[in-house]
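Chain lettering (A, B, C and D) follows the sequence in which the chains are written, and residue indices restart at 1 in each chain.
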């Protein structure tokens, strides 16, 4: 069992690297969905296996997997169809460099984890916290380095995934109501962002955020 | 139970109103629904304040909803700002529709978003669970995003996107902080569901893990600070304020920033008590405050966009409040007082600026001239509120700034004193640079004088009177309220 | 004290009434003037009572404001400053009634009167406030009210600029005051002035810092060089009765504040006196030099205000030196001299500004170079201006001489015979004061001689007319009081100061007043001889032929009024001599060739400090701050990066 | 009241015009002419007093007031300065200030009267007058400070008291320097060569004379008499500073002082005969030099 969970964690790490390194939307979005499903499956299992399946876990799994694994990719695909975007235009940081950055981020994530161990974190698994940090960092890198609005949304979702892990890592069993609130917020955020992208593409004929520089001093 | 009801009322009524808005299609009905909701809320808020001041903090929903003096004070201010903004929106949007800048078909959606934003902000104030508080903050971001680009232009879309992404990222960081706070309380005895309740944390603040709390506070202050407009995370703010319609900008500046700032206020005592009252967290706030003041001042120099000017002024004021909060003592009291003053002055300033922009059809300060002839009421409102905002006596901001300065000096922090005064002086000079031109300059454009309505006069007179009266004397009950709220922040 | 409170409330209520009745110019003027005069008269009662009895009055009232307390205290110093405030404001108010009335069709008089009465009330409040917060509140109120009065004619660009500069200068001054008051309150553990006497036990470094803050903060209001830059802008811009009040008494609140703070700080370090003396000398000499170079009558008067403030400050400087080196003669007579100069300056500068207003009213002009021959057309104004000019030049027998005499006297009898520590400052003071005296004669002979004498240089002088009685009476009263105070000073001064000074100090003052009484005798002799001579002359002339003809023109057949010496040409020789300080800008396009184009010559003297110090300073600061504008470049990616970087920096720094 | 107090004034009133006669005779002597009678100015004055007057249409009462105020001022000044060891009519600490300022008042009215004519020549003269006298005043005050420092008093009568010769001997260098400075001030204030040429008739170059171009009849008499008196009072200050002679006998002292005044007249005459008028722009340098001399004296006495 331990090995299985370790492997899950490593797979999540790898999905992140894949997100950093690929230029095609067609690759990124399914990867994101895959990561969502992995999270939805792995974490509750990891957390509550000792206690057995509770309604709480059931509800969580039943909401997380459809939302993170299916709905978000679906929304993103719709946006792509509407805006007619196939691949990311050349980002600020080239793909090899962003993979390199991703590795640096990994080191940073483990370093942060090392700072926090011994501080009585109720961590259930040694890899949980670094994975969380790493996912968040990757999300941030995506937001900062990619030019298309859609990629920023993608980055945001990745970041949210990381935070989901982090929430579990830190707080353990959070009240269901809170979980649901957070999930709803994330969902609405993605929804709102995708509408915003529609509007931007309609107004500008592109969704290159780097060209949105009219408002400045 | 009755007390709990009022908390539910604060939460539910706005969303109900919003729901009604989307159902109706007539502009007239929507306006009435919005007004009715807002006025009801105003009354409710005052009632809640009354209850809180008599009975102390009230709770509902097993302690998930909670209202003490601090939040009650904020709730009342929020409703007042909302009521004023709604009143203003009633006269602002018909003119926009007349200018073809706004499609009346959008009115239901606008009304819905407007009232839901109120609901979301109320959620922030009444929730005791810091997670739910976060949910509320994030919700305000998402709801208000569309309010910015009601009038769809490339620029407003750009502003909205920046607002959305920056605040989402920022608030996401705050979530990490929230979780860290939960982790810090992990070794506390108590049921699991309580670990994120503010009251629980507050009572046990002394035994929270200090390292975690420190780390959490850094995330929180950066995260919520993004939303509150601390420099250097403020970049979205001038864009959003300058592009949003005037009532929305007024609301943003008047209370949205304060909502995020309120969250920081809530965490401050927790961190301070957890770290043994060393002033660690407060120093960070002072740092952000001064940094914001200086940055805002720098951007106000040679600023030509009237609404951006006001936006930077908001950053400056948030900075001032942060300095006050970070100093403690009189400073906390003064920061809360300043919050009230700013929430009175800034919306009025945005109302007037919005009207001027509407009349002249431009944001450029150079092209808005001779306003006193064209629209005496709004020009007066603009000038007076701006004078109040830059700290002229006898308006109340002078008093709150004075108290904050007093707090700085009590700390014997002379570098902060110098920076604070320098920043305020730069703001003063650069803000005043164009004011006289706006009011009295010779206008080339041929614009007809506008009629003044009674409602406009009320909108100008009410905040100014409040500021004037509070600048001359401060009623006992207000002092009590502020003192109680300040005591909560200081952890007494 | 009740009278004083009544007076304050009358100012407020009448101001509000004037504001409410703004639709009717007559009603608002009526309320404004009536309130102003009534309030001033009521306010004078307690002031004079305190001055004569020596018993201070105080009053306190609970004020629901954190850190604040509504404590009023009229002691000798307050009363001494209150008297000129009330006298001049009442007269200026009367004058302003008619002066402003001609603007009734284009301007809102109600608001102006509201501000005027608020200004008077806040000045009075500043002087009696005995709580730091109350003082600052009144101080800011005063600044705001006077700002609105200055921008009365805000349609003019120059007026707007003046208002802007004024508000900025005064606000920056207030920033220093805020710091000073709060630091002092922190040291004294109280915001009330009555607890501040323990500040004198502080180490001298702390007191020195307070002193510097006070000099900068109050100096910005009082017009110390180089903080004077707002004066030459604001005084010409404001309506004349307002300039009169601002120049005559409002800037004196700065002097009052400085003296008040000095009274808390105890035994002065010697460098305080030097600082004030240096400021006084710089303000005095440069002030009068700049005044000399001006051609705008009110600007000239404004610079002369800087000069007079300089004289007052010099007096305060030697007072401090006298205390520091324990020379009571310097202390007592220097102090009495500067206070007396405060009073005198209020009278004659108020008068001169009112006269300038009358000229403006009668001709619509402020440029001396275009005036001329006004004495024939505005008899009374000319006469009053002459009185003011004699007084301001410090010439006997009018009041200006009395105060300058006292300051000189202190130096001659206290400073010069003493050790080098006091002899050198006394010497410097005497030299520069004598230079100022000579230059102010030049300045005001120009102002009077060019404006009122000769032939009109512009056609609008021809229909110049004297003002109505409502404007004449205040001017007349002020002119008369200049003369009376000049003659009565030997009786007045001991009477006023007898309750304030110790017996020993009174003895010292007695010596000075003896000299003053001799001067009064000389003045009486002067008038007597003048009368006799006039009699002789008229007796001689009444039997002889008296003809009138043209002015001697060297035989040139067609002299015109344009050929007269103008103000600029009059001062040219001096301006050239002192050009090192003045940096006059000259533009000459000389006629060239056989059939030249019309040539032209123009000369202007912008303010040195504004041109060379403040404008560059402000522009530089602005430009430096503008560099930060690149931070807001519009790239959202970097914006998000800011957030992350900030977070990482904080994590590394604070954790 | 002691009748003696009027003696200084009496001397001034009676003998002032004589000094000008002496100056003119000296100049005539150097020019190899016979020259005017010593009492020429007395005759001129009587002649003028008997004449009518002509006024410009431009002028006002200021113009008529000017000569009178000027004369009264200088008359008053004579009551402040002791003569021949006799205290002045008015003497009190600080009378030196009254003296300086009363001359200032005289100047003020002379200048106003000049400007009242509206003539640009008189304007020119007035401008020069105020410029030079402002500097002269500084030099004069510097000299006064030296005297005040040496004698520890602020009154002419106390300065030139019976103990003055002893003080003078102790501070002779300073006193001589101050004396020279006073002499330069005297030349400036009285519009003598090298500052101004009282005999020139080129309006463009004049200072004092050009200011009184339009006066006639009794007014002009007042002016002439006033300038003679001014020369006298400033001269007495100069002579008393340079020649501190006290014999103990009033009559001897008076005689000596009177002789000193005659010497002064001769000196001025010699200076006028041997020097040319300075360029106007050089005049300030002369006055600054006077101030410098006083400063040197001051430094010496403050040592």
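For the reader, a short list of remarks on this structure follows.
Throughout what follows, a residue touches a chain if its C-beta (ideal position, glycine included) is under 8 Å from a C-beta of that chain, and two chains touch if they have at least 3 such contacts.
Since the model is a prediction, treat every value here as computed from it, not as a measurement.
With contact taken as defined at the outset, chain A and chain C are each touched by B. With centres taken as mean CA coordinates, the chain nearest to the overall protein centre is C.
The greatest centre-to-centre distance from chain C, using averaged C-alpha positions, is reached by A. Just to note, of A-B and C-D, the chains joined by more C-beta pairs in contact are C-D.
Rounded to whole angstrom units, the spacing between the C-alpha centres of chain A and chain D is 101.
Averaged C-alpha coordinates put the centre of chain A at 31 Å from the centre of chain B. The distance from the centre of chain C to the centre of chain D, with each centre set as the mean of the Cα atoms, comes to 36 Å. Chain B and chain D have centres, each the mean of its CA atoms, that are 78 Å apart. Residue numbers of chain C whose C-beta contacts span two or more other chains: 629, 632, 636, 640, 655. Residues of chain B in contact with two or more other chains: 161-162, 165, 169, 211, 215, 238, 299. The residues of chain A that reach two or more other chains are 140, 143, 152, 209, 212, 214-215, 217, listed in rising order.
Per the contact rule defined earlier, chains pair up in contact as A-B, A-C, B-C, C-D.
Only residues 372-373, 375-376, 386, 390, 393-396, 401, 405, 408-409, 412-413, 416-417, 420, 423-424, 427, 430-431, 434-435, 437-439, 441-442, 444-446, 448-450, 452-455, 511-512, 514-515, 518-519, 521-522, 525-526, 529-530, 533-534, 536-537, 540-541, 544-554, 561, 563-565, 569-574, 577 of chain C touch chain D when the two sit together in their complex. Interface residues of chain D, counted against chain C in their complex, comprise 49-60, 62, 64, 68-69, 71-73, 75-76, 79-80, 90, 92-98, 100-102, 104-105, 107-108, 111-112, 114-124, 126-128, 130-131, 133-138, 140-142, 145, 148-149, 152, 154, 203, 213-214, 217-219, 222, 284, 298, 302.
Across the complex, chain B is touched by residues 63-67, 133, 136-137, 139-141, 143-144, 151, 154-155, 157, 160, 163-164, 167-168, 171-172, 175, 178-179, 182-183, 185-186, 618, 621-622, 625-626, 628-629, 631-632, 636, 639-640, 642-643, 646-647, 650-651, 654-655 of chain C. Residues of chain B touching chain C in their complex: 161-162, 165-166, 169-170, 173, 211, 214-215, 218-219, 221-222, 226, 232-233, 235-236, 238, 280, 284, 295, 297-299, 301-302, 330, 333, 387, 392-394, 398-399, 402-403, 405-406, 409-410, 412, 417, 421, 424-426, 428-430, 432-433, 436-437, 439-442, 471-476, 479.
Listing the residues of chain A that touch chain C in their complex gives 92, 115, 140, 143-145, 147, 152, 209-210, 212-217.
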